[in-house]
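Paired with chain B in one complex and with chain C in the other, chain A is shared by the two complexes that follow.
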Partner chain A sequence: MTAALALGDDALVLSHRLGEWAGHAPVLEEEVALANIALDLLGQARILLSLAGDEDELAYLREERAFRNVQLVEQPNGDFAHTIARQLYFSVHQHGLYEQLAAGNGEFAGLAAKAVKEVAYHRDHAEQWTLRLGDGTAESHARMQHGVDALWRYTGELFQPVEGVDVDWQALHSRWLDSLTTVLERATLTVPTGPQTGAWTAGAGRQGIHTEPFGRMVAEMQHLHRSHPGASW
Partner chain B sequence: MVTWTPLEEELRSLAGSVPDPELPVLTLEELGVLRGVEVLAPGHVTVRLTPTYTGCPAIETMSTDIERVLYDHGMTEVSVVTVLSPAWSTDDISAEGRRKLAEFGIAPPRPHDAATASAGAGPVPVALSVRCPHCGSTDTELLSRFSSTACKALRRCVACREPFDHFKEL
Partner chain C sequence: MSSSTDWPLWEVFVRSRRGLSHTHAGSLHAPDAEMALRNARDLYTRRSEGVSLWVVPSSQITASSPDEKDTFFEPAGDKPYRHPTFYAIPDGVKHL
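Showing the complex of A and B:
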């Protein structure tokens, strides 16, 4: 069940982060877009977590250290460019991952075949915004480059093999890097050259080691359910 | 080829006539989300339903509405199960469904070009331009890839200047 938890937590946590944009996005269309992406991810999370146990218990009653998501998805939203950089890194990865899973016949094939079509839109959204911000004004270019640079150290963990997820991780990584390079160069941005994992934090979300902002996110996500068990509407 | 009993045919057409909760101009049959109806024992029926998007919140209302219709028809035990495979596609929307969408002011999804999709030309298939459901012009532009629901994109007609929803291809 490690696999379903890992993939399910990635989707759940990113969904929650994107939901935080509600009421704060720069334009109404983006508010709607980010909420729609969050909804797709939440749907994937519900199916994946249900494979691992009770979805509500897993989402609302686990402690921080029991979550198995990569550290990339728990990173705070930052400004809009920062969120787009996170979306770009994650959606290009998730698209490649689901493509491989959909082509196999493992337990995730059905979900992956369905979700890969949704994620194609998430990826397109992130790529179009990367081009627009990177090749935009001096200000948008600087902010986009900053987002891409700041999150780079969390990308290595995306390709750390997960037990039970039967894909070619090396191929996934090299294809991700190719796609990323193409988009960033077209956007007049520089592909970061530093290590894809940081010595002190990155690369252990799958083992339950998370970055400092994650605890507060979990507290907010679980607050209502813990205060009012079984609440519904 | 699955064979249906006359009762199953009848129950299927009842379940299929339930309107989509978010797009009430379409029935579930026209939307193409109904995957099967099986009578397991007298009065006991199982309906298989597939979601349009994995996170589509309408699926719960669809299930409740199907249950209500079948209970009203004398069934004593109705269970609606969700199936993911094969994945739903906008190609599953019937011709009549597409016509109704356009009439309702929503540009229907374009059919997938099988050749383009299998060649892996890009993550999102690009085909013919989307026609404005108000004036019929093909000169329309994308405002946002995401709109009022997960399944729609927001576009604007360059000719008549009206914004409109487009049921995007999946």
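Showing the complex of A and C:
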């Protein structure tokens, strides 16, 4: 229950953020790519939230404080490099997590085995762009480094154990750091050295404490359903 | 949506399943071949249209000119004996 909510909310919230690029992406091809990733995540969220209860009620009728997603995924899109940095941090993590879940025989093994192929593509997409932006022009390099630096303090929460998710969190973290370091160095970027959490962020998203932009996002995500309860087409 | 013109154009070919040929599906913009392949995956195979993709820089394609249409194609028009219409096709052959 706790676990399905945590993983489901991660997917739902990131899906919504990526959906915000529709109509705004720098090129049409990239808009479709981001929308495809958003739809993959939405599919994962639907399965996970259905394990925890009624998917629509959970997505559209919970208050901000009842969401259990990590703070990383609720961070605003920023510029394209900022979004790619968020994708890189999250998709490398999610790939490692789902690989471990798929290899086990717990509640999430089946869904993880299917989703891990989607997530591998999300990861590849983020890595390809990190390499090109980091090792691109002076402008793209600076923007990519800024995105990587700005979101670093939200990455620690990814590796705080979630009750009911039976994986080796320490191994997950060290493999994530190895992968990240390889990609960032190849992209001529600097791996941030600051702490991966501020004292005030520790475990916060998983306990329902969210950052300021999240309230606006939830309001936008829920307003249609709340204005027209039960509407369909 | 302005910078896409800075990127080269690529032609996309999709093979829908094993045993068939790659077929031209459309074109897209991408900064390099690797990204063109990924964009092609997202744009042209998201509804399970394919099992294999090719991307080719549009600038590398040499096309026949509309001016040459008569000399290129018209002579074949009145030669029905070049069509395999006089053969019985075995039942099992679907893609001849």
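Here is the rule we go by: the second predicted complex is superposed on the first by the 230 of 233 C-alpha atoms of A that agree within 3 Å, B and C clash if a C-alpha of one lies under 4 Å from a C-alpha of the other, contacts with A are read in each partner's own complex, and residues count from 1 in each chain.
To be clear about the criterion, a residue touches a chain if its C-beta (ideal position, glycine included) is under 8 Å from a C-beta of that chain, and two chains touch if they have at least 3 such contacts.
Given the structure is predicted, the values throughout are model-derived calculations rather than measurements.
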Which superposed partner A:42 touches (first chain B, second chain C, both, neither): first
Contacts of A:110 with chain B and chain C, given as first, second, both or neither: first
Which partner, chain B or chain C, touches more chain A residues: B
Contacts of A:33 with chain B and chain C, given as first, second, both or neither: both
Chain B versus chain C as contact partner of A:125, first or second or both or neither: both
Touching both chain C and chain B, counted on chain A across the two superposed complexes: 29-30, 32-33, 36, 124-125, 128
In the complex with chain C, residue positions of chain A that touch it: 26-30, 32-33, 36, 124-125, 128, 132
Residues of chain C that touch chain A when the two form their complex: 1, 3-4, 7, 28-32, 34-35, 38-39, 42-43, 46
Of chain B, residues touching chain A in the complex: 51, 53-57, 84-89, 123-124, 143-150, 154, 168, 170
For the chain A and chain B complex, residues of the former touching the latter: 29-30, 32-33, 35-37, 39-44, 46-47, 95, 109-111, 113-115, 117-118, 120-121, 123-125, 128
